[in-house]
Structure formats: structure tokens, C-alpha cells
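Scrolling down, you'll hit the structures one after another.
Both complexes below contain chain A, partnered by chain B and then by chain C.
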Partner chain A sequence: MKKKWKILMFYIVVLCLLTGCWSRKELNEIAIVTALGIDKSEDGYIISVQIINPGEIAGKTSTGRTEVVRFTANAGTVFEALRELTTDVPRKLYLAHLREVVIGEPLAKEGIGKVLDFLSRDHELRTDFYLTVAKGSPASEILNVQTALEKIPANKLFSALENSEKNWARTKTVKLDELIDSIVSNGKEPVITGIYVYGDHEAGGDFTNVQNVSPNIGLRINQLAVFKKDKLIGWLNEDASKGFNYITDNIKSTVVNVPCQNGKVSIETVRSKTSVEGKIENGKPKIHITINSEGNIGEVQCEIDLSNQESLHKLEEEYQNNIKDKVEEAILNVQEEYHSDIFGFGEVFHRSDPKAWKRYEQNWDEEFSNLEFTVQVEGKIRRLGTITESFQNETRE
Partner chain B sequence: MLEKGKISAFDFQVIVLVFTIGSSILVGPGLLARFAKQDAWMASSLALMISVSFVFLYIRLASLYPSLTFVECNEKILGKWIGNMVSILFLSYFYYLSSGLVREIGDFLTTQVLVETPIQMIMIMFLLISLFGVRLGLEVICRTAVIFFPWIVGFLLMWFLFLIPEIKLVHIQPIFEGGIVPIIQGSYHSLGLPFLELAIFLMISPYVTEKESVKKAFYRGTFIGGIILSFLVTISILVMGAEFTARNTYPSYILGKKISIGEFVQRIEIIVAIIWLFTIYFKLTICYYGLALGLAQVFKLNNYKILLFPLAFLIISLALFSHPDIVHFHEFLDHTWTPLSLTICFFLPLFVYVIGVIRKKRAIENQSNTENI
Partner chain C sequence: MKSRKPIPLLKLRKRKHSQPGQSKKDQNLNINQNEDTDQEQAVPIHLHRELKKNIEYIKQMVGNSSDIVIREFDLGQTGEIKIAIFYTDGLADKSFVNDFILESLMVNIRTANLGSDVLSKKNIYEIIKSHSLPAGEINELVDFNKVFYHILSGDTVVLMDGFLKGLSIGSRGWADRGVQEPSSQTVVRGPKDGFSETLRTNTALIRRRIKDPNLRIETKQIGKKTQTDVSIIYLKDVADEKLVQEVKARLKKINIDAILESGYIEELIQDETYSPFPTVYNTERPDSVAGGILEGRIAIVVDGTPFVLLVPALFVHFFQSSEDYYQRADIATLIRFLRYFAFFLALITPSAYIAVTTFHQEMIPTPLLISLSSQREGVPFPALVEALMMEVTFEILREAGVRMPRAIGSSISIVGALVIGQAAVEAGIISASMVIIVSLTAISSFVSPTFNMGISVRILRFIFMFLAATFGLFGIILGLIMMVLHLNSLRSFGIPYLAPNAPFILKDQKDNFLRLPHWSLHSRPALINQQETVKENTASPKPPQPDEANQ
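Then we have the complex of A and B:
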């Protein structure tokens, strides 16, 4: 009998302990942050968060409220500002589902290192969100735009970044660990894709914006911001951005326009592979870039005889030149203007010749600016699409 | 005999394997990457090779008196007083290790998963379950380990598989950048964590029924465990790069956070935590068990179970008070743990072994002498 009591007591104690959920948070107690904007203020940071309104997204009936809400707070550090938001937001912020961090341009110019520490230290944050720089407007304004099609603007940005990197190749997705890695590394400097608001800036937070067929305002990603260590020093133009992606072997698919007779031909790059080699020649570092690119004809706007191999070879040549020009332009542009090794050439030397790298490491920026390079492009056009000859030849009168 | 349980060589192998992975799986990669940078995987492999010699020593020592635990061996070889003093020194190390493990669990869970839960609560819960296991005896502990073993292997495989798309080969280049010195430094630090800790199996090996296969099982368990660790270090570096691995307190947990297969299989870092909790549970339980058994043998008690509750209190309080903060704890791991482990788990057994061999020889000589007369 006594033993039975003992067992019963034991079960009761265990029951009390095994309920778990010491610090549970139910879904209706947390505010899921999808985007985080960080701007500079006079004595610290202005933090803006975009929180989703779960009832509006998942509920069967919509009440006409907005799907996302933006809050801002101003405090000395990022962490403090996020906590200060509790005075405004009725729920506790939950950062694990963050998709997008937008950094204001003035802050980026001053240095983003301090901000990144919080993002890397806090336990709720993962490293699977993308970082972008707000161009021309504060980050808080970027978060204040309602987007059409995607209910959650942060998701729109997330997929737009991924899609344009894959298909347009003038932007680049940057995650936290990669960014920190290139800030820390001496042989590589970071780039971050820029994002800006187009249209009527006033209309951003207005819900009616998304009720138009053509919204008055929207978000667009464009161009790459060049950094030196953690400071933004300038922007690459579109062609150079593409060149950058060619050099860093970040091209999945893109469109290349080449001239032909009195019009243009668009070639869709379907496969591209770049290898970068570093060599020391006569005591000077030298970079050799080899690009193997394969494409299909995407659009023909001129009179060209595509059944002829000769003319296809001519197109291939143009295709190669086009890529080569972009790559060279990108390197020269960065060498002259920014002196910042965003291509990671230093890392190439670091990997291939660690001993020599030790010599160059200290003043690599200078070495980089005078670095010699050669570019070799191997371009092939494989297929013509679903039609062979263009009917352009027939339209001529 | 205090422990009547018998385990098979396979059980022994599994428990050695799990013991080797436990706790190092979480802190190992960071520790190694801090010293050896992108060559950490070499450091880890080197440490494994060196540690085979430790296992060799433990096996030789165990085969001197195959049916006696280390504590009993000490008394037999060194006599009552010195022997028991050596035993207590040995056991105090495992007292410390147990509390260190409890501390690690607490620190990890309060930093990464259950941030708002008091650390004491986590520690007490964990130790209670461990106490439960120890009370039920060696046989139960080992069989449980065998039951959970497929889960651990399955999760590990799944985890490694999911990380393959994230691998970037450039991260381990340039190979051999800093030369041999950082590699040796790195491997030196991973000797204490976990390989020297395997000395606790001197308390367990007498209870393995198949005496011949113990050696093989010990080697195999250590080796497979070590290879898993090396593999893990390599993957951490391949995926995150040396810098990021070194900067994180729990790199393998961050690895779990990185998994994302088609936006579908993602956010499964808790699997890493599960592997870790399983393995560290068995590690803690074995340490705790060895400690209680050893103490009972030193004091000639006829049941070690009476020691369990007092020991639990001692372990919890040491875990709470030994280190004021996590920085102190990591400093301790970096600078003190390996020399301490070397002293207690290598030089001490070596000393006992040498004396034991001499005594045994003398005993045989004496015997033959008396026979001759």
C-alpha cells in the first residue's frame, strides 16, 4: 500500500513538471516581423518593423484592414529600439520569420558593422533573410509601401530578389553570414543590392494603392552598392552589376542584346560558368578570368539568315564581345572609382598562393587598383527557339 | 559486486560512440576553428589519431585485471591508502565533468532555445532524468542507448544530407595555410574534449560479458565517434567558413538553421538539438554512474544508489557556482580543461598501469622463486 502511494506521489510530481511550456508564446501573443528597416538618427537608430496581421492573411473573411502594419521607434541601439517598440505594438516582436532587412543609405555610408552585430547575436534570428540597401529614401519608407499581388511586401521583395538574381543577373542576394564574411575578409569586399521606391511617395501607406490596376507606387530592386569594409562607397551601374555577376560566377540566366545589321538580337543565356585564376607574374599579381557561356536565341529584330552557320558564328562573336565588355567595364570601373575588391580577387590569391598573399594583404586595395587582368569568353549559341527563320525578312517592302 | 548488470560488446561500442559525440558535437567545431581556421578538419583527424593511443592505454590497463574497475584496480595495485587517493582524484575529475555537462546543457538551452526559462530548472530536470537512468543500472543505460542509437544516426544522416547543397568548397581553401602549428594547437585542445574523457570507461569495461571483443568495441566506438566529429567539423567549415564557425558559440546549431530545401524542409535546427540532447544525456549518465559506482567502491558501500541524491545536489551546485559567466566557462575549456584531462586521464592511468605491470611481474617471480625453493 505504501509503495502505491509513493508511485502516485511520483506521478503527481512528474505531471507538474512535464507540462513544459515554461516560456510559451502562443501565436496570438506574438507579432511576426517580416521586414526590418534600420535608419540612422541623430543619436542612434530609427528602427521600423513590418508586422503581419495574421487575421487578415489567413482569415476567411477580410475586414478591410491592412495585411501588414509598420511601426517605428528611435533609440540608441537596435536592440533598445526593438524593445521600445513594445510601447506601440501590442504584442511581443518575433523575429524568427524575418525575410528582409533594409538598411538606409546614410547609415550604410557610415558603416553597417555595428548594426550587424545584433542581427548575428540575437537567438531568434536566423541567417536566411536577405539584406538590401534603401536607395534614395529612408528604409522606413520602403517598409511603408503596400505591394500589389503579394500581400506581404517583405515576401514580394524576397521573391523579387531571388527571381531577378536568377533571371536578370544584375542584382545579388546577400545573406548575413556571407556579408559578415566579406566584411571580415581582407581579400573580398561586400556588395548589397539596392532597393528604391518608385511612383508617388505619398501614396505608399495608403491601402487604396493596391486597389488600383496599376499601383501608384511600388518597390523596385536595382543596382549593386559597393562597400569597403562595412561602409557604402558607391553604386555600380547596371552593366557593371551584370559584369560583377559574371565575374563572381553568379549568373544563372540573363538576356544579352547584340547588334545585327539594322536591328538587335536578344540572346538568352541559359548556362554560364566562370573560373578565376590568380598568378604572380614578374612579381606582380595577375588575374585571368575564363567565362563559358551558353545561350539560345530569344528574340530576333533584324534581317538575319539564321539557317546559315556563318551568321550564327558572327552572332556568337558579338555575344562574346558583349560579355567581355561588361566584365572589363565592371573591373575598370571599380578599380578606378572605388578601389574596393568586391570581386574577391584577393581571396583567389589567398587560396592559390597563401604565401604571396601575405605580402599583398596589407595594401591590397592599392594592389587591386593596379591589378592586371585578362578576360577570355567562350560563348556558344545552341538553339534558335521554336521557329527558325524570322519573318522579318518578309515584312520588308 | 556492486553492479550485477552485464552488457554485450555491441552495447559497449554504442555507448562509447555516443559518449564521444556527446557535447563535442556542439562546441567542438567552434573550438577547433578558433585555432586551426580552415584546417580544423585536419586538426580533428589528428586528434582522433592521437587519441587511439589513449584508448590503447585504457585497454591495456583494463586487461591487467579484467574483472575489476579502475577504482578496484587502484586499491589492488597501489594499496589501500594511495590507491584510494588516486581513485578520489580520478572521480573528482568526473564529478567536475558531470557538472560541466549539466552546465553546458543549461547554457545552450538558455542561449538558443528556452531563453526565458531559468537555467536551474533545465539543469534539475535534466539531472533528474539522468538520475533515473543511473538508479536503474548500467544494463538499462546501455540498452536505452542502443534503442536511441538508430535515431541519432538517422538524424545525423538526414542533417548531413540536407547540408550538402549549402557546401562551398572555397571555404576550406587554402589548405595548410598556417602550417602545422595551428593544427597541432587545435588538435591538442580537442584531446580533452572528448577523447581523454573516455577514461570513464575503465569503470564500465569489467561489466562487458565478451572480454575478447571489448578491445575491438572500444576502438571501433571511439573511431566511429571521432570520424563523425571530424566530419561535422569539415561540414561546418565547408558550409559556413572558418571565420563564422569560430565566431559562433554553437556552430552546429547555426548549421541546422541554414538548412533549406526548396523552402519546404527548413527550420529544423531543433533536430540538431535533439541529437545533442540524446548524446549528452548518455554522456552525463555514464559519468554520473561511474562516479557513483566508484565512490561506493572507495567507501566499500554495498549499494551505490544511496549516493545518487547527494551527488545530484553536489553536481547541480557545482554546475551553478563553478563558473560565474559563460566567458569564464569557455576560458576554462580553452586553457584548463586539456591539461587537467591529460593529468587525470592520461598520466594517472599510465602511472597506475606501469606500477601494475611491475607488481604483476614481481608476483610471478616471487611465485616461481618460492616454487624453486
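Then we have the complex of A and C:
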């Protein structure tokens, strides 16, 4: 009995060692990919990866090499191209820390469904990266730009997307799950934020760029790309982008400029809540949007008596109108130009009246284009800031 | 393996506990030791009636050992009464022997007023025993085993010509370290006295803390050559009778030539030898022992060592310090949580680091991963080898630090800082993060209030590192599951090792991970103690009520 145990233990120990730690990868054997660019080529895809050079970023001594390295490969599928990169990259590509996927505009116009398959199928990828569309240049060029301040360009994009969504409200962060959801859903179409390179595209990878106090070349995010299913069909302008975020209740904080006498007042929206209701009225679907927005006075550039109730009410009215205009403009713009329900009104109907939705589902794009809607905005101004009267009023008198 | 299993408590009740030699010593009222000697080893050799032959035998047995003192002298008018005293120089208190034994026997007995009795060869034994020895501890001896035991323990033995029995007088007194502050379990608040190498001092320290007639100190000799005194101490009305019998039975089974330290006893009576976890508690602190005895546990004091054993010892006991009960309850509870946390840190920090950096890089936040991976640039070894190197180096340093003469201690700390430190990182042998991991592990392993538990962590840490290097986090979890299963299978003197957590005893949770205020700790631990379970009944302190104050 005892002998049997000993033999069994021996086999167990040997078995452990024989596996040889097959999935073991030491930290200095992997290449951490932070951004992935996908472009269309004639017979497949051009894949570009942005790999970080850890020694340069966190090491104590800088050797003057770049912090990130871009590699590209051209192959029939995304997966094949990534494997083909091993001929160029000395280490195994590690995709779990991907922050950013950039898709070239031509590819987006043709359809992104095929490339998304790899992103959602591969086990190594987490789904917490953001997807963006490169505007005006191939994705590989976006990845070829050295950014100032943030050493890793992908990180710069990642935090810029998050911050501008929170504070500027004209962009939107899109993760893989949400994107695939809206591609598949009949009552909702996807949008993706765009990125473009400003300055000389070619010189973006030059190290001297980031040695400048005011870098000539950089990356900027703006505008939302409108998709129909998985194909890009156009871009929303900035106001419409903001209107889109109001409708989808994606406003955390933003700035609204309202006119007053001979100047402007900036109001900082601090809280906003949108509810969208769908109803069938007289056999026609109708959307009712209610927005509750609260703001603080952020900047005053005109003569106005803020201690006066009347003038504050006036400001509130302007504030409401401004939001209402943007929302209406966004909807009309999309209805006329793109016929793509990026606001998810279809899903609202689906939820409120599933039976009726069945009737409209097949023909929803057409229905959406002729959809009637009402917008009601309830705007309130809560605080005036640390001063009430602007000192400009006194200097002018 | 089979023979080491604990004897079921029920079987013990049927076994009769034979106590030979009890009847012979009935008259000896002054004995404070219950000499429950079950010496089965030697056939007793009885004393001879002639003193000369006795002396010859003793001389023959001890050879010409220079420290055995034999003093012969005569008594009576004509010197017809021959007496000899025997003691060991260095073990017996010389001034006591001279002032109270030799002086009374050689000088005072001649002038003593014996009433009607006349000093003669016939009654000398009775006269000496009842009149002439101003000593507290006197034993009657009939065989040589006893004679040698008493002489070699520091007692003085008196033999008289013409008697088949002799007397031993307690005269033990040797150079002692005295009661000093314990070196292994220091406290900030609490008593600073510690056990020493002398059994009597140690039992006195315990007796001083529990002045209860129910406190039993039962002594026997273990070790054929060393004849080491081993006392078991317990509270008769609190300790479980079955447990006391179990401890006695296990001690009785010991058949060994020497007991030099309580570690011998610990290893000979513990439930499970092949386990990294200790099932016997040892301490240098009398207050810890007193606390254990009051919980119904049994202390085993061994002569010649300041380390006293406490059984049964459960997993939670190794995370409790006596200071927990002297400090405020809130901080004591927090510190207990800290100890468990440190235990897990010491156990799995290196293995978790290996697993995460070689298998699960996706779990590390990106900035941290970049920083870790930049430190690993240029390190030639895999993470496991790196960790093993550092851990082994640390173990070497620690061992060197313990064994080394004090005078060269500072040189080790200087060299040690080089080996585990910045120099090793700069040499490109290991990464900086590994230094932090190893240091964290080292500090955490010292948090344990008992040295024992720290040792089990040291052993297991290496197993976990190998598991992590082969299977990643999966291996660590497997290891933890196996560890918990093993802990569940352990028993300490029949008590489940993980009690009161498994089996879960709600009542005992008041003093487990938590340490509630003393006024709420009403009962003693349920499994250990089954007799007098009520510990205290103090009402919780309250401010004086206003109407009471008015009256």
C-alpha cells in the first residue's frame, strides 16, 4: 500500500514537470501591443501594431530610443497578418493590454464586421479597448504619431476619449461589445468616434516632434461616424454629435453657450437626464424626448444682472432652446442624410410595444426617416459661481 | 504511520492507570511531587543492610566521578553508628548541606534533648528522620535506582548502617540563569518574566499566577539516561479528564534514552508528524501558559528548557498573542486580522507574483505591467529561478543570523543588504520588484506571534512557488485547497485543528478572529473544555444612572 502511494506520488511529480509550463511567458518575452490599426489592402488587410518599449517608458535611464514602435504587415486576414509580424517583431505579440483599435476609413466604409470577428474571438484580448475610425488618413499613420505629454500614443487616445466624453460631450467611447450589439440590433445603429492627424502626416513618427514645446503634429479626436449595420455612411458635425449624446443620455458634463444682449454666457451642464418614450399615435410611431438639464454659470461676457430673477429665467430659456435646437438638428440631420437609427429609437419602440415593433421592424429605416418627434427640455441654472455680478459691469459705466 | 494515530478518548477510560510505588511512600507527607514513576525499565536493586557494601556499590556505579561527594562519619558514644551522606557537588546547595544536614547530624544530635530516647543503633533511623533534619523535603529510599536519581538530581542521600532504607533530603540548588525576559515572544504591554531552565522555577511561575488548589502539577521522569523531570500542569476542575488521561498515556508510551528539550516530547506525542503545521504550542511566557491552563489546556513543563508545551494547540492559537488580552479589544481584533493577512502574504506573495507575471499578464494594470516589464529587461533568469534565488538567499541570511556569534552580527547585516538589495538589482541578476516581493514576504513571516507557524509558512512557500511556476494561479488555488483539506484532517489531541471555524462554533467566535471585550467572553472554548464552562459574568461597564446617583 505504502509502495503504491510512493509510486503514485512519483508519477504525479513527474507529470507536473513534463508539462513544461507550456503557456508560460516571461515578461521580457512578450511585446505589449497597445494599439492596433486595421486598413484595407488590395487582397486583404494591412495591420499595424503599436508596441511599447518598456525600458524607455519606465526605465531609469533613457537611451534615446523611441517609447513605442510601430510594425506593419499585409496579409489576407487579421490573424494571419498578426502572425506574419513575427518575422519583424522579436517577441511574441501580447494583445491583452490593447487600449485602442483604429479602423481605416475606407475599410469602415466597406464594412467592419469581418475584422470584428477576430477581436471578439481571440482569447487573449480583453474587451475593454476603445474603437475609433481614422479620418482622412490610413490607420497605420495614426499609429505612427509620437504624442507629447503622454509617452504612449494609445494611452493618449484612450484618456482623451474618456475625458472629452465626460467633459465635452461631443465624442463617444465605444467598446467592442456595445459596437457588436448595435450592429446586430435592428432598432439601433452604431456610431464610432473619429481620429485625425493634424500637421504633416509623414513626419509624425519623427522624435523631434515631441521635443517641441508646441508639437506640430498630433492626434485629435472629433466628430462621430454614422454607421449603417457595419458600414460607415457619413459623419455628424459637432453640434449634432452633442445632440446625439443628449438623446442617448450620455452627457456627464458639457459647456453650452447662450447669447445675451451683446455677448455670451457660458453655462456648464453638471447634470443631465434624458428619457425617451415611444408611442403609436394614429397608427404612426412617435417619439417623445424629455431632457432635464442642470447647469452652473461658468463665464459671463455681457452686461447682465444675474441677481435678477427675470434675467436668470431668460437665461434658462435660452439654455433650454440651445439644447433643444441641437437635439432637433441632430435628429433631422440623420433622418434626412443617413436614414440610420443611431439613436436607438427602434429599441425604444421594441421595449414599449413589442407587437407593433414587429410590423415596423422590416421597414424601420424608412419609418425612421419619417418619424415624428417632440423634444421637451427642462433647463435649470443652479449656481452662479464664486462671484455674482461681473466686475465688467462696473468698468463699463 | 498507524501507531502515531491518536488513541480514541473512549478507549482510554477503560485502561487502568497503574501507579506502582504509591503505597510505599504513604508516610512521606512532605513530598510536593507526586512521584508517579512508572519506571518499568530496571529491576529495583534493594539497599543492603551493611553500609560498607552500599558505599562500595555506589562507588562502583559512579566510578571515580569527581563531583560525587561521599562523606562517612560515626555517631554515638563509641562511634558504633556509621552514617554516610552522598551528594553531587555543584547540584546540591553546599551551604545547606553543611549548615543543616552535616551540622545537625554531627554536632547538634549529640546535644539534643531526646527525652526518654537514647541514641542507639536501633532507633537512629527514626530519630534522624523525625528529629534531626531541619529540611522540608524528605523521601524514604529502598532501592538504588531511587538513590542514584536523588543523588544525581542534587538531593542529599543519607544512608545508615543496619537499615534496608535510607533518606533523601531535598537540597537542590545549582547555578541558575534566573527569571529573565523571554527572548522569543516579547510584548510591549504585559508581564516581562520568562521561564528559565529549572523546572521548579517554572512551575513556581505558573503557580504564582493561578492560586487555586485545583491546579495540579504532576511530575514524572522520562528518559532512561537523563531521567528528565517532566511535569504536566492542569486545572482539575476545568481541564477535560479524558484529555488529561490522553496526555498521560502518550507520555507514558515514550521510551527514549534522553530528553534534552521539550522539542523531544513535542515530537514524540504530537498527532501528526508528517505535517508542516504544529499541533503542539510552545512558549517561553508564563502568562501564555497560565492563560492556556485556564482555558482547560494542559501544560507540559520539561526540566532544562524554558520552552513549555501547551496541548491541545489549534490553528487559531498560533495567531493569538497573550498581549491581545492586555490591550484594548478593538486594536487586538485588528491586529489579529493583520496577522492572518500577513500569514497569507508570507505564504503566497512570491508564488502569486510568479503566476501573474508568467501566466496572467492580462491581470496586471497596463502601467504596472510596463513598469514590471521594464525592470525585467535584461534579467537573465525566469521569474521562478529569480524568486528561488532570492528566497534561498534570504533563508541563508536568516540562518546565518541566528547561529552566528553576536560579535560578528553587524557584518552579516551589511553583506545581507548587498545580497538582497539594490546591489543585486544593479548587477542585473534580479529585478527590483522581486526584491520588494522577497522583502515583503520576509517581513510578513515575522509577524506571526509564534515561531512555529512561521516555519510552516517557510516550507509551504516553496511548494507554492513551484505550483505557481507550473500551473499559474490554478496551481496556487489547487495548493490552497490541498492545504485547507490537510488542515481539516489534522487533530490536536483529538480536537479538530481548525476549531472553532471547522466545525463552526458560534459561541467561540467571540475570541477567535475577533477579540471581544472581556466582559463579553463568558465561556471557555467549547471543544477543549467541557467541565466548568463559565469563565466570568461581569456586567458590561455602564455610566452611573442619574436616578441612582441622586439617591
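Note that the second predicted complex is superposed on the first by the 379 of 397 C-alpha atoms of A that agree within 3 Å, B and C clash if a C-alpha of one lies under 4 Å from a C-alpha of the other, contacts with A are read in each partner's own complex, and residues count from 1 in each chain.
Here is the rule we go by: a residue touches a chain if its C-beta (ideal position, glycine included) is under 8 Å from a C-beta of that chain, and two chains touch if they have at least 3 such contacts.
Every value quoted in this text rests on a predicted model; they were computed, and no experiment measured them.
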Original post:
Looking at the overlay, does A:R351 come into contact with chain B only (first), chain C only (second), both, or neither?
Top reply: first
**OP:** Could you say whether A:I52 touches chain B, chain C, both of them, or neither, answering first, second, both or neither?
**Re:** second
Subject >> Partner touching more residues of chain A, whether chain B or chain C >> reply: C
Original post:
Of the two partner chains, chain B (first) and chain C (second), which one does A:R126 touch, if any: first, second, both, or neither?
Top reply: both
Original post:
Can A:I12 be said to touch chain B (first), chain C (second), both, or neither?
Top reply: neither
**OP:** Please indicate which partner A:S23 is in contact with in the superposed arrangement: first for chain B, second for chain C, both, or neither.
**Re:** both
**OP:** Once the structures are superposed on A, label A:S185 by its partner contacts, choosing first (chain B), second (chain C), both or neither.
**Re:** first
Original post:
Regarding the shared-chain residue A:I387, is it in contact with chain B (first), chain C (second), both, or neither?
Top reply: neither
Original post:
Which partner does A:L332 reach: the first (chain B), the second (chain C), both, or neither?
Top reply: neither
Original post:
Touch check for A:R99: first (chain B), second (chain C), both, or neither?
Top reply: second
Subject >> Doubly contacted chain A residues - partners chain C and chain B >> reply: 17, 23, 96, 126
Original post:
Inside the complex, what are the residues of chain B that reach chain A?
Top reply: 111-117, 121, 125, 170, 173-174, 177, 240-241, 243-244, 247, 254, 257-258, 260, 266-267
Subject >> Parts of chain A lying in touch with chain B, wherever the complex brings them together >> reply: 17, 22-23, 96, 120, 123, 126-128, 177, 180-181, 184-185, 347, 350-352, 354
**OP:** Note which residues of chain C are touching chain A in the complex, please.
**Re:** 1, 357-359, 361-362, 366, 369-379, 382-383, 466, 469-472
**OP:** State the interface residues of chain A toward chain C in the complex, per the touch definition above.
**Re:** 2, 16-17, 19, 21, 23-28, 30, 32, 34, 52, 54-59, 94, 96-97, 99, 124, 126, 155
